[in-house]
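I have a structure here, written as structure tokens, and I will follow up with some questions on it.
Chain naming follows the written order as A, B, C, D, E and F, and within any one chain the residues start at number 1.
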């Protein structure tokens, strides 16, 4: 048994998942802060694909790329 | 007479090895899946045909100064082709749903557990003496669980070029099989009530937020995890061209001519790794087996994180959208939508699932960065 | 004062050689043929302009690290550009007429006799001591008779790079001259009755046959003549992308942006071989002379095979379509159609001639494979 | 006279034309067999450019590529 | 614990230098100018983002085998990218106004004085011991005054690759600032009466003239100044494809897919020269200062030449169109038009200003050729 | 003071501006001669963007390239 290598893998798993969560948590915070700062300034808002039409259009566009 | 002998000796029938014959059949199988079953055809058709070309005996196509070998060295070993594809994906992707609900990034994070569990699995096989994967090999195999083709090819090109063919095939095949792999796991881990949960409509996202998002992403990568910067940087660049509104001609080209050209070249180049003597190996079988485990674990951890978030959150979250966190854009989001509709015909989850879906792309690029940093 | 001398010495008027002056005139002639006469303009305009640039004295364009030299090494010596063009041609070609009437492949086979007769002619000139062509040179010259530009450039780049300029010029010029070269030969070898023969309408071809055809072609090449696999493989790949129906965006790009970019690069790169000291040579005159003989013999053998097949077949075959077997797609098919219409105003041969026409592309790629196998 | 070289050329001519015919004959057979096998299975047929309209369209398409 | 330390040491926050932090801010500023102010967005967005990527600490993007470094060596040091852009510009440019009124070439000539004055300025700074520019450096800096991005990048890549980043930034920034830089100078040097001058309508230009023009230009370059042949040759080639009418598919691709792909690659590659240790330097400040002087002098000499020609000519010439001779197509022509309209609401100078505007492109390519010949 | 270098620059300036003017003068002459030769032959003339519509179209086209 190459226990060394397996241990190294375990470390990498813990550090890896940890970093993924730390990074994405930081991104959540950064996006939230950014959105609030932007929200204060009056800007031309654009709907975020909330309608069914837009859902269809976006999916179609991505699908077209992946499926063709 | 001598000449006839020479022609006969130059023929494929004379020179072909058993391995090449098997690989020709395998590649025809990939073409069948791509064309008749429409499984990720952009890549399975190009990789499959590249594989056919690469198993023709007695001619330099995937070796020497053959076209496929030139393409492989020009764009795969150095990561150029996957990075350009990532730029195109950035130009094609709408991050609006993620901006409207940033918390879904956690779902994209959880689903990356499939990557690391698989890495551990590969090392476990080695510890048991069944396989002989190095840490770098295991990292490259794990990334199959990221369910993102260019990321897998990028990492494999860097860490384990010998396994690139098998890893790419596994990644694209399982991405195509998401509608078969995911639903049983999703149903097993959720109750009928959870699957019926309807989510609140997403808020509006302003143009400024859309423009700033790629820059915020890039700066965060730069500060926290530079080794993920090539992948996420090109994704952010493509998305900035898309959203900034002043370089439409470049954005159009990145989304069309350029990504198409690179896809053709990348597919052929990856196909060149399907040469019999590189591909036919017990390693390949282990990689295919580990890959499907990776998808399963990723799906499960995404769903479980969805359940956890639903309990902790004031706004209801349907745990099904967690399964979309593996990426496999947009297939996984559509699967989540479909399973949700089965439970509740008024439950349109598609847009909500797009958030974790694109979060999964970011998540696996982050995981790729960690792998590369840790093993270089 | 010294400075004025220096500028004068740097000028083209001071440095130009007689050969360069002649080549500038020759290249202007090629541009005239391409633009005013519309002879194969895609290649004659790009090659002609590349030739102009390459005969400007005292500046590195076609040499050193000049753009045209870089293009030449990047895509001509290794065959990359002609192979990508072949992929685009595959994506542009409808093999339906050939599938509807496979026997027309024999016409495409017979017309390749021009290739081998010319090879023999080139060696004959050498035997007589008039020229000094090696077997590889002769093979590359013979391929002009294939009437297919990318095949000629591919073979010349492999076997006789020194002669590439003259061979490419001969191939494209004579392809453009097909409406002048072929009709007299066609009329001399056929009777009025033969030219009046109407052919039965072609049968329907299913989508499945269209998809399977490139795969059948590729597997046959793999088994019988691997050395033709790069050319025919890329042709088959382009055609599979066209017909399979699931990768339309790649097929579109292969037919448009990609083939156009490569055509520009290929034309300029081939033009770089029109440098005076490479091109102005008695060899060039012999090549031009042998090339036209090749076209003539190819046309004649195609027509004669058509006569033979007409006698042996139950369904009537108009021998004129045999002339289309030289390739020169689609010009040769249109010439056959026109000569047929002259004899019988109700005789639309165009679609019947497209079969041998595309068969000629396959035939000359097969001949190219034999040449490469035999001489390497 | 370099008779050697010329003889080599003759051999190449015979072998070459022979191989071209063998190969294309094999292709004729393979295509015919393939078409018959496919024909047995019921498939959505598509006309093989047999109409005048299609003739015109195909020629135009190819011509456009070569002539422009 | 060790691992956390390792991750922390791999992070950007740990590794970043002050210079990199400054450059990240500078590049965000370039993106702001490109996106919010719409200053030359095609290049400022791509260069700016490339600069961001290149200042991420601890990862090979602009060095080693990173993507941006590969792009830089593939297309900037050898001049390939600027030359392909020039081909596209040729395919996009209508030389009709110049053909209708060839004398406006003199305005394009005069405006190049900014180039040479700036060269002298750079050498003056060196003579005073303030800077340390070689003759090649000074020549590359001077070319900023040509107000033509690809020419500046081409010359800098050849003569002063170390200064390429600063030169490209200066060239594109000042081109974008033309509406602010030029009007005060134009108004200071002309009287109200001069600005009111209306010009006679341009004559018709035939298709033949349009086709012959790029050939005449090329042959003249070949005879008089071969060192300018790469730049002007590719410009002429693009324009010939545009005007000859027989290669529309190539012209379309040169104007769209190809120029867009090359613009993306060129922008990223130039951005790679914005690495802190290459860019942050007193030289950069001198270059930015000299660049704006170059624009001012070029504008002034164009206007003064316009005044001179107006006095000597029988047909009236509005001196404002002389300012368009710096190139910066089409911005400078639009500025001339606007200043003219301010003085006389019926005075549409736009088309008249397009002549000197495109003449300025030719003029600065000629100046580039002289610089390269003289300093190599 | 590096007078040598500055002098070299002066020379280059004079020679450079001189060459620019010589070259563009030659081009003016060549274009004029060419236009006259062409003018003699009867050719299908095409307006040189003299109308306001064409001005707008051309500017729009070039602008589209530079500004997008």
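Criterion: contacts are C-beta pairs under 8 Å (C-beta built on N, C-alpha and C of every residue); 3 or more make two chains touch, one makes a residue touch a chain.
All figures in this text were calculated on a predicted structure; none of them were measured in a lab.
J.: State the pair with the higher C-beta contact count; candidates are A-B and B-D.
T.: A-B
J.: Taking each chain's centre as the mean of its C-alpha atoms, give the chain farthest from chain E.
T.: D
J.: Report, in whole Å, the distance between the mean C-alpha point of chain B and the mean C-alpha point of chain E.
T.: 41
J.: Between chain C and chain D, what distance separates the C-alpha centroids? Give it in angstrom.
T.: 15
J.: Which integer distance in Å separates the CA centroid of chain D from that of chain F?
T.: 52
J.: Show the residues in chain C shared as contacts by 2 or more other chains, in ascending order.
T.: 7, 38, 41-42, 224-225, 246-247, 249-250, 257, 374
J.: Counting only residues that touch at least two other chains, what does the list for chain F look like?
T.: Within chain F, residues 15, 19, 65, 67-68 contact more than one other chain.
J.: Tell me, which parts of chain D touch chain B in their complex?
T.: Residues 11, 15, 19 of chain D touch chain B in their complex.
J.: Across the complex, what residues on chain F touch chain E?
T.: 1-3, 5-6, 8-10, 12-13, 15-17, 19-28, 30-32, 34-35, 38-39, 41, 43-50, 52, 54-55, 58-59, 61-63, 65-68
J.: Quick check: in the complex, which residue numbers of chain C touch chain B?
T.: 78-80, 83, 87, 211, 215, 218-219, 221-227, 229-230, 233-234, 236-237, 240-241, 244-247, 249-250, 252-254, 257-258, 373-374
J.: Tell me, which parts of chain E touch chain A in their complex?
T.: Against chain A, the touching part of chain E is residues 3-4, 7.
J.: How about chain B: which of its residues touch chain C in the complex?
T.: Residue positions touching the partner: 6-7, 10-13, 15-16, 24, 28, 31, 34-35, 38, 41-42, 45-46, 49, 52-53, 55-59, 61, 65-67, 70, 256-257, 260-261, 263-264, 268.
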